[in-house]
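For reference, the structures are reproduced in the following blocks.
One chain, subunit A, links the two complexes that follow: it is found with subunit B in the first and with subunit C in the second.
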Partner chain A sequence: MKAVEVTGLTVTLDDGSVIANDVSFSLDTGQVMGLVGESGSGKSTVGLALLGFAKSGANITGGKVVVGGVDLLALGPKELREARKKLIGFVPQDPATALNPAMRIGTQLTEGLLGGKKENLPRIRKVLEDVGLPSDDAFLRRHPQELSGGQQQRVAIAMAVAKGPKLIVFDEPTTGLDVSTQARVLEMVAGLCCDNGMAAVFVSHDLAVVGTVGDLVTVMYAGQILETGSREEVLLSAAHPYSIALLESVPSTRQRLPLVAIPGRAPAAGAKFEGCVFADRCAFVEDRCREAAPEMVTTSTGSQARCIRVEHVLQNQKLLVKEPLHHTENKGGDRQAVLSVRNLNASYNRTQVLYDLSFDVAPGECLAVVGESGSGKTTMSRCLIGLHEEQTGDFEMDGKPLPSRLRDRPKAVKQQMQYVFQNPYGSLNPRETVATAVTVPLRHFYGERGKAARTKAQEALERVEIPWRLADRYPAELSGGQRQRVAIARALACNPSLLICDEVTSGLDVSVQASVVELLRTLQDDGLSMVFITHNLAVVRSIGDQVVVLSKGRVVESGAVESVLTDPQHPYTQGLLADTLEVDRSDAETSDLTG
Partner chain B sequence: MIRTRPKEQGDQAPPRTLTHRVLTARQTRLGLIMMLVMIVFALAGPFFAPHSPTAVLAKPYADPGDGLVLGADSLGRDILSRILSGGANLTWMAFAATFIGVTLGTTIGLVAAFKGGIVEALLMRLVDIMLTFPTIIMAILFISMVGPSRVILVVLVAIGLTPGMARVMRGAARPVMRREHVMWARTIGLSSRHILMREVLPSVTSPLMVEIGLRLMWSVVGLASLSFLGFGVQPPASDWGLMVSENKDGLAIQPLAVIIPAVCVALFTIGGNLFAEGAARVIGRTEGTRS
Partner chain C sequence: MAIETTTAIAVKAAPPRRRSRKATLAWQIGVRVLMGLVTLWCISVIVFVATQAMPGDVAKIILGPSATSEQVAQMNENLGLNQPLISQYWDWLSNVLTGNMGDSLVSGQPVSELLSERIFNSATLTVIAMVLILPLSLLVGLIAAVFRDKFVDRSYLGASLVVTATPDFVLGSLVIALFGTVVFKVLPPVSLIPPGEAPWEHPRQLIMPLAVMTVVGVTYLSRLVRVSFIDVLESEYVQLATIKGLSTRRILFRHALPNALAPSIPAASIMAAYTIAGSVVIEYLFAYPGIGSALVDSVAGHDLPMIQAIIMLMATAFFCFNQLADVLGTLNKSR
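What follows is the complex of A and B.
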């Protein structure tokens, strides 16, 4: 008997739209299935439905979820609670809110177990050791807020594991963690499930994470499973056009690859389809794809895919293998730096966060600044634009000294240096249309109004591939990727010489990230200089010419991207690079992790 | 620095104008209708009064009849005529006081939130000092010194509204100041006026709408209370608050003379409140996913 068997699981919203459609899979004891999909694909909905739970406004309307021989969906409320208690563990995304801040770790861990706190203590200590945490009394007496994010997540995992469930559902447990912590946690999760004979479903938007932790990989899109199979089958020889497109959009730390975005835009949750859900964006689409919804078929590689042209796709996907791009070394030559920073020190509420940063941005080059959370990279970018008050340091722009405070900077500097923010949901005024957002700077810097301003705004929007028909929309009516493009267009309308991008892709899905990265690369080819702040080394590889690695407010390594990422000198960079997960499309060297 | 998880990227609500959405919501429509009916009633009422509101036509507390549809009040004047002409003053004074108070309070609050530092500290301490004065008692004191004047009454009520308004708007504007679109506006050097009017003010409309509703209600009640206490509109002129006070002794004989003016005040304030709250809800929903 399979440990977990899901058949025909369907979740419907109150208004009748289907957000998870006919989801079926099965897991053996000790197997981990990675469930991957972009925003709105229904992956978290399915994760929750495995507990027999749906968020308010949604209902499980069909199917079976059989865990350890019990069909959860056939149970009454009381029995369902009992079954959840015994059979299923759940690890939510954000441990900071999942743990009760008023409860000590020891109490929290024993809370869900049968019997008293005393008799469960030995078991708790064992589980804490399994997840790599101290198990002494001092630790058990701590409160969640006294732990780091990684430790909190380990406690949340320990809570789920302690009762010895048959199935654990992980809902993006590593999304908020740094790469090094993420690597440790994933390693632990894989070992834990195997040793304790638990099946696990690991929901994530990150293909590399899923590829590291999952024995099986299932790809979801628009509420449907499009492809499912072993890790090797799906990641090395993907059969469904969507899986292929998703893999194409993932950047790599090893090679500078051109990233291919998926054309069109992800469907809204609950959108209705005649035929294949991916038909509108598919590179292999033909007329019969739109006629009827395709069935799951077993492919020649062994995976199952929901595509009628699967064999054709498999034969032709070799054509899609990409040639790596070459770094053009020293684009700037010996020309004067666009921006040079010397001895930048900054503090935040009197605590120093940046120590003696010095670097140059050469014309036409992209300087990537990479660091983990707390490394001071956002403070640094705010210093460059002048938004940070507590700072000392010497800036030069095009050889002329640049005042550090925004209010002392001349208007021309404000026009030449443009900033794009991390959060595309906050960087556009929610009460202004796209057209207004782009015409405001035109009017401010060039006094352009009316028709002339609209023509220029149209040009700027066309450069970022936003059609003019979207100009009268409000930001709330655009997708995240579109908003980020509008923010870039607004910066471009100022005709800048330097663009500072603060984590501009970190809030976006990979396929959308790919399109934004490619857009920035074309702008760079047009001669724009850039400072690109990110935590993602793979994105650095795709876009950076020079790189500065920040750790705890200091530059630990800098140089050309090619040499730093191929042959890092500083142990911190080496560690960062080693912990950054890759979607391995050439060989399966990570398999020792999952055992 | 926190890595945000990709959020919903699907289609959002269909592109309709905000005003349209506000006006079609059930609660706002109900509130708006109630308020408009009361405003029309109050402003047009005097023209439909069958008698002069100050003419003594019958015995005190006379029953309905003899051309007096609702009977007579404590001095034998037509109740219907007095009700019809008793709302006009209250309405324009309440609106004027609300407008002045809200404008003043919002300006102080937004400027304090925008400037920060010493400017904010000074403005907010000033507001705190204003808050410590009990408004109604101050108004009574002031009016007993300079005598009742409608303009002074409006100004006093407006000043009473200002400090609370300023506090709420500063509280609402502070998180907006930290938003990226406001920071962006600063990085390209847009003027303070542009930032406050175009970037900040539109983002605080939902608390603003609620506050306008509440403050309007507050000034209607405040003005009616002052009339009731004898510091507002002076007899023999007609006013809903004054009517309650004049006729309260005859409540058992002629209850309509008290109840109808009180209900008028109540309907007015409830309507305004329903509209404000409903509008805030619709606006909040439209702004959508932002955390």
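What follows is the complex of A and C.
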């Protein structure tokens, strides 16, 4: 008997739309399944449904979840509570919000267990040691907010493991963590499942994470499983067009690949479909794809895929092997730097966070600034644009000295330097249409109004591939990727010479990230200089010409992207690179070392 | 090195709150108190000017219609009413600050003496009302949140809307008509407490004013409690608690309650401030001998020192509770 058997699991919203449709899989003891999908794919819904839980407004309307011989969905409320206490553990995405701020760690760790607090304490202490946390009473008496993010995540994992469950569901547990912490957490997860004989479902949007931790990989889209199989089957020889497309959009730290975005937009949760759910965005679509929903078929690689043309796809995808992009070195030549920064020091509430940063941005070049959270990279970008007050240092723009504070800078300089924020949900005014958002800077800098301004706005939106028919929509009606494009268009409307992008892709799905990265790359080809702040080395490889590695407010390494990422000199960069997970690729041998 | 540093970060606890932050908190509170004192001073000016601007000549009112103009002039001289306004204000303020609130124009007794019993009566009413309002709001808010969007919640929201939209005196008159005079006649329609006796010696007299104050207070406060409970019940830690298989009772009282309480506390102290202000109408309606009804009487009798003293007293109490709300809110946010 399998440890976990899920058949026909279906979750429906109150209005009748299906957000998880006929999901079936099974796991052996000790096996880890990676459940991967983009936002809205229903992966988290499935993760919660495995515990017999649906968020308010949704209901589990069908299927079986058999764990350790018990069908959870057939239990009454009291039995279900008992089953949750001993059979299944759950590790939430964000432990900072999932641990109760008003309760001590010790209470939260022991309360979910059968039996009293006293008899469970020794076991709790052992599990805390297993996850690398202190286990003394002083630690148990702490509140969650007295722990660091990594510690909170370990507490959440310990909480799930302590009951000795048959199955653990991990809901994106490493999304908020730095790469090095993530690497350690994943290692721990694999070890715990193996040692304790637990099956695990690891929900994630990150293919590299899933590829590292999962024995099996299942790809979800629009509430359905589109492909499932072993890690090698799904990631190395993907059969379903969606899996292939998803893999094509993942950037690599090893080589500068063209990223292929998936055309169109991911369907909203609960959308209704006649035929195949991916038909509208699929490169291999035929008329019969739209006629009836495809059944799961076993492919020649061994995986199972929901596609009627799967063999055709498998034979033809080989043609899609990508050529690495090559750099033209020294784009900037000896021309004067667009922006040069000397001895930038900045502090936050009188605590120094940046120490003596100096770098140049050459014309037409993209300077990538990379670092983990807390490295000061966002403070640095705010210093560049002049929003940060507590700073000293010398800036020069096109050879002319630049005041450090925004309010001291002349209007022309403000127009030359534009900023794109990390979160497009927060950086666009929700009460302004797309057209208004883009015309506001035109009016401010050039005094243009009415038709002239709208024409220019249209040009700017076309550059970011936002069709003009979206111009009168509000940000809430756009997808995350579209919003970020509008934010970029708003910056472009000012006709800047330098664009500062602060983690512009980190809130986006990989396929959307691919389209934004490709967009920025074309803008760069048009001669725009960029400072691109990110924590993601693979994105650095995709877009950067020069790179600056920040650690604890200091530049530890800088240079051309190829040399730094291929042959890092500083141990910090080496560690960062070693901890960055990579989706294994069949064509990974090629290298763009020579440029 | 990256590996070592990050493990170190992961295992090291988040640093304890820095001292500078505590200092800024004390600074913020200090600024608030200072601003509050300025506000009180502004109120004192407004109260003084407003009472001076009241129609009618004080001396004439005191002396009655038969007074000669010499007598009136003499009276104005005695009361200091013919001095410039600024110096009158200055005399009044310095007296108030030293605790001397003057004598009543009507009875000639010191204001502080006249008010002390009234203050005691009003405070008793307000304190009992608050003691009832707080737990009831919590209970009603919790029940409404748990049965969110169900029949119980909907009918509660509808009823509370009606109560909030009805002025206090209408509500009070209805209650009097229902239980005191017209329909049932089970309770005394007026709440006269004889001088020298404590209000709790007359519990039957207290029921109706308390009921009105409590209903008004609970409908206001419980809606805030309901909202903060709903926020907490939708939080991820309550979701995780459910997933852990905890009982509903434990989830509600151990996980949700402490977190839902915090944002309601500042609201509760604003509620206390409103109860004090609202007592003017209630006390007058039920003829309860508190400062509210004293204010109404003093206005009718043009008793300027009394009016000034009562309004300053109420403004100070209102201000204190508002400050308390602000400080609690700041503490809550910084936590």
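Simple rule for what comes next: the second predicted complex is superposed on the first by the 579 of 595 C-alpha atoms of A that agree within 3 Å, B and C clash if a C-alpha of one lies under 4 Å from a C-alpha of the other, contacts with A are read in each partner's own complex, and residues count from 1 in each chain.
The criterion applied here is as follows: a contact is a pair of C-beta atoms (placed from the backbone, for glycine too) under 8 Å apart; a residue touches a chain by one contact, two chains touch by 3 or more.
Everything quoted here is computed from the prediction, not taken from an experiment.
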item: Touching partner for A:R350 - first (subunit B), second (subunit C), both, neither; value: second
item: First, second, both or neither for A:E477, with subunit B first and subunit C second; value: first
item: Partner chain(s) touched by A:R281 [first = subunit B, second = subunit C, both, neither]; value: neither
item: Subunit B versus subunit C as contact partner of A:T181, first or second or both or neither; value: second
item: Which superposed partner A:E111 touches (first subunit B, second subunit C, both, neither); value: second
item: Partner chain in contact with A:I385 - subunit B first, subunit C second, else both or neither; value: first
item: Which superposed partner A:A102 touches (first subunit B, second subunit C, both, neither); value: second
item: Partner chain in contact with A:H444 - subunit B first, subunit C second, else both or neither; value: first
item: Shared contact residues on subunit A - subunit B and subunit C; value: 374
item: Subunit A-touching residues of subunit C, taken from the complex the two chains share; value: 1-3, 5-7, 9-14, 16, 18, 20-21, 234-237, 239-247, 250, 254-255, 258-259, 262
item: Subunit A to subunit C touching residues, read off their complex; value: 48, 51, 53, 55-56, 80-85, 90, 92, 94, 97-103, 111-112, 132-134, 142, 145-148, 150-151, 154, 159, 178, 180-181, 184, 349-350, 372, 374, 551, 571-576, 578-579
item: List of subunit B residues in touch with subunit A within their complex; value: 1-13, 15, 179-181, 183-184, 186-190, 198-199, 202-203, 205, 286-290
item: Residues of subunit A defined as touching subunit B within the complex; value: 38-40, 93, 172, 175-176, 205, 265-269, 271, 373-374, 377-378, 385-387, 406, 409, 411, 414-415, 417-419, 421-423, 425-432, 440-441, 444-445, 472-474, 476-481, 490, 494, 506-509, 512, 535
